[in-house]
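Chain lettering (A, B, C and D) follows the sequence in which the chains are written, and residue indices restart at 1 in each chain.
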Amino acid sequence: MAKRKQLRTDISWSTEDTITIKGLDLCRDIMGKVSLGDMAFLELTDRLPDERESRVFNALAVILVEHGMTPSAIVTRMTICGAPEAMQAAVAAGLNGLGSVFVGSMENAARLLQTALPDPAAEVDIAALARQIVEQERSSGRTIPGIGHHIHKPVDPRAPRLFDIAEENGFSGPYVALMKAVADEAGRQLGKSLPVNATGAIAAVASELQIPWDIVRGIGVMARAIGLVAHVLEELRDPMAREIKAMVEEQATAHHR
Amino acid sequence: MAKRKQLRTDISWSTEDTITIKGLDLCRDIMGKVSLGDMAFLELTDRLPDERESRVFNALAVILVEHGMTPSAIVTRMTICGAPEAMQAAVAAGLNGLGSVFVGSMENAARLLQTALPDPAAEVDIAALARQIVEQERSSGRTIPGIGHHIHKPVDPRAPRLFDIAEENGFSGPYVALMKAVADEAGRQLGKSLPVNATGAIAAVASELQIPWDIVRGIGVMARAIGLVAHVLEELRDPMAREIKAMVEEQATAHHR
Amino acid sequence: MAKRKQLRTDISWSTEDTITIKGLDLCRDIMGKVSLGDMAFLELTDRLPDERESRVFNALAVILVEHGMTPSAIVTRMTICGAPEAMQAAVAAGLNGLGSVFVGSMENAARLLQTALPDPAAEVDIAALARQIVEQERSSGRTIPGIGHHIHKPVDPRAPRLFDIAEENGFSGPYVALMKAVADEAGRQLGKSLPVNATGAIAAVASELQIPWDIVRGIGVMARAIGLVAHVLEELRDPMAREIKAMVEEQATAHHR
Amino acid sequence: MAKRKQLRTDISWSTEDTITIKGLDLCRDIMGKVSLGDMAFLELTDRLPDERESRVFNALAVILVEHGMTPSAIVTRMTICGAPEAMQAAVAAGLNGLGSVFVGSMENAARLLQTALPDPAAEVDIAALARQIVEQERSSGRTIPGIGHHIHKPVDPRAPRLFDIAEENGFSGPYVALMKAVADEAGRQLGKSLPVNATGAIAAVASELQIPWDIVRGIGVMARAIGLVAHVLEELRDPMAREIKAMVEEQATAHHR
């Protein structure tokens, strides 16, 4: 038998009369004092947010809760229709699609910003850095994440609103500046308006909050779980899954009839 | 082609420059004003909570975020170990187990309370109703949900704390009274102490907040999604999944060697 | 520290140079000799099928592989569209909906048959038993599983075909007779033609193969996993998920415009 | 309303009295004639295998069904323990972990082979190509997929067995030769024995069967779904999930006591 590595968690532990989470006593320090959003911040960063961090983090997180009839919402609805006894599986199914295409672009934008600017306190030429980023992304054939939007034109209204909230609370630093500069530079190089979208604003503001880029997708996952429960409920009360199925099947097999 | 039912959602819709969620403008009415927990309340109930509802709902929800090394947390960790590029799938896998055994008992307790007392304003003899519930559950061979705890003895500390917060905010009404009376009656009939546990307290307080019982499991699902992201993070930083796998495999196949 | 129960698996174990599955050596006894379908039978029943069992089991299993644009297939396609890097999560999402409504009816039919006739060798009056089952299901308000079909009229062609294959191979015993008698009796009592459908035929034939009813859903799960991979592939080659999303969103939010 | 792309599937469609799958009539052409493994081949490649292809494909697929107490199997068991009413969700949870680490290496090996040798009929110097592959993988810091094994030493017995079956049936062509040459070359460059493992053998043989590399992971997903059903069953009959949970929790939180 090989020598085993010791298992170790520091998230939570219990005794007969206490539950400790990230060093805080659940009953004494958290319940009645910490909101669900601040609890999420605690789970992500190992500490409670101060008041300004809380305002910014919650503003950022609520953007991600609900986007209407997304592929994820459709998935959750189709799933609850087949397994109404397993709401958790319907939400789980909906989360499975939060990969590189939708939520992943937020992660990519955050990685771009944090990789380009590992130390937010460093003195840098933001415009030069933005130029370098845009050139590098374009030359490697990648789409620059966090800018432009196919529906919200000319401007995704969530982005300026989140930037305003960040600024009011002292979180409009170098990452926000860099994200805006990347959008400007990309617009200039590509000859069209490509303002920062919600994804880019979230990535920049999360970076200001010192949330590591490889965690950023997790904010989307937790927020969307909330929204998907609402779709379960509406589907249970006023279903559309069978209609969608009938419509898709009819259209997709019409050429075989 | 059959006449189709019209698809219809009233959760969220967008135009080029607005996003509306449950009738509120995301940028103007929600961002910067509504916390993630209150957003969850909005998604579940179609309206924002007032201040007291918010305190009680958030206190209830934070209980469900994090329970340490639960089966769900182990599932999420084993999954991220095999698919580190798909954090969303690891959280989804963890949620899949929130069925009848763990989170379901909360749902059962809420159903019991709301079925026994469909109108919280009705005049009822709580003690008699509790006696009736306990007798009926026992005679049908079911475990009474929401009472007793295998670790937290003599009392699950979350239950009295949640009841206190509910009371301070005016939400200690007939469902809380009934849940406590059921625990008392069950303890009397079974001859042992069976105080209300966290599950029972949440079910009672959710009922006070007028959250329908068939939605209650959803609070657990959304809250646990938050907690599972924290387990993804710890597993990425300080993994234990391979150790667990090696330990389980070694023990479970030892008799074949 | 409490005394622990010993972990134990008897499905598979390995040494440096052998892999054993259900007591058989993978390389020597299985590879090149056992087909995937017979391997599934082995996994479900702890022994390899004989030739006749193999023919019947494979005929039964292939029915469950592919049903076109089902809710599950739509789920898998919507999921791969958001997370093309995680094919396994797309199949997983699709499986999540195989609950009580679709695959569950097969389980219910098998439970009905095996509960009514625990010993297939017992002498029973099949017609009387069928009458009793139909009366009991009707009086408890349940839909009788395994009969009738909303598309395949007058007869689901898979049912007589599976019954023929079962008969040719000596597996047309009391469960098949009982399933047919239930369909006849229900048709008589309800005054319309309600022939055995694919679900009922599978339940009956699985019972003839001595597959316990609480395993029957598993055949659907494994078979459908195969079919969902085909939908991943078609979606990757010729996508429809974004179209479905656009169509659903447009229709479902039209009344808000 | 934008012009919509026409939805289209060519996998399966139904009329009142027929079900067609990949152009074949389910009842007439498939049931009783096509085994589950050959059905999987049909779903993956749009045609039925001939006898030799069937033998090779089934031999390849059965390898992937069952690997004992893998992370996936543990996940499925932990999940069924919390949601015993949702077997499909337990299998789904287990599949979620079949990502880049485990099943993905098979995909990577197949991609390597098919990218290096897009036309299997081309005249190539296999040894030179292998040298080029090993150098390129090493210089880019990647692990060469498909070779070496941490348990099965000196040789993973599945690899030579699968190669033998492939050869007996006429499927030992350039991809098998290239995979073996890569293993030889890597062993030489790294100065240790690194024989082709099961992953590499499957990748090579799947390539011989002309299965595109981006589908190869799907064979693992479908096969493992079969195996995970067996773990559901053993867990329902003789559970270990609660023990695993207790053991993990105790060890991982010991330092907090």
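Before moving on, here are some points about what is shown:
In the analysis below, a residue touches a chain if its C-beta (ideal position, glycine included) is under 8 Å from a C-beta of that chain, and two chains touch if they have at least 3 such contacts.
No experiment lies behind these values; they were computed from the predicted model shown.
Taking the mean of C-alpha positions as each chain's centre, the chain lying farthest from the centre of chain C is A. In whole angstrom, the spacing between the mean C-alpha positions of chain A and chain D is 32. Centre-to-centre spacing of chain A and chain B amounts to 23 Å, using the average Cα coordinate of each chain.
Centre-to-centre, using mean CA coordinates, chain B is 38 Å away from chain D.
Among the residues of chain D, those touching two or more other chains are numbered 7-10, 13-14, 68-69, 83, 85-86, 88-89, 92-93, 96-99, 103, 240, 244, 247-248, 252-253. If the chains shown are joined wherever they touch, the resulting network links each chain directly to all the rest. Within the complex formed with chain D, the residues of chain A that make contact are 6-10, 13-15, 20, 83, 85-86, 88-89, 92-93, 96, 248, 251-253, 255-257. Remark: chain C residues 1-2, 4-5, 7-14, 16-19, 21, 26-27, 30-32, 34-40, 43-44, 54-55, 58-59, 61-63, 65-69, 86-89, 91-93, 95-99, 103, 151-153, 155, 157-158, 161-162, 164-165, 168, 214-215, 217-219, 221-223, 225-227, 229-234, 236, 238, 240, 243-244, 246-247, 250 touch chain D in the complex. Those residues of chain A that touch chain C in the complex are listed here as 68-72, 74-75, 78-86, 89-90, 92-94, 96-104, 240-241, 244-245, 247-249, 252-253.
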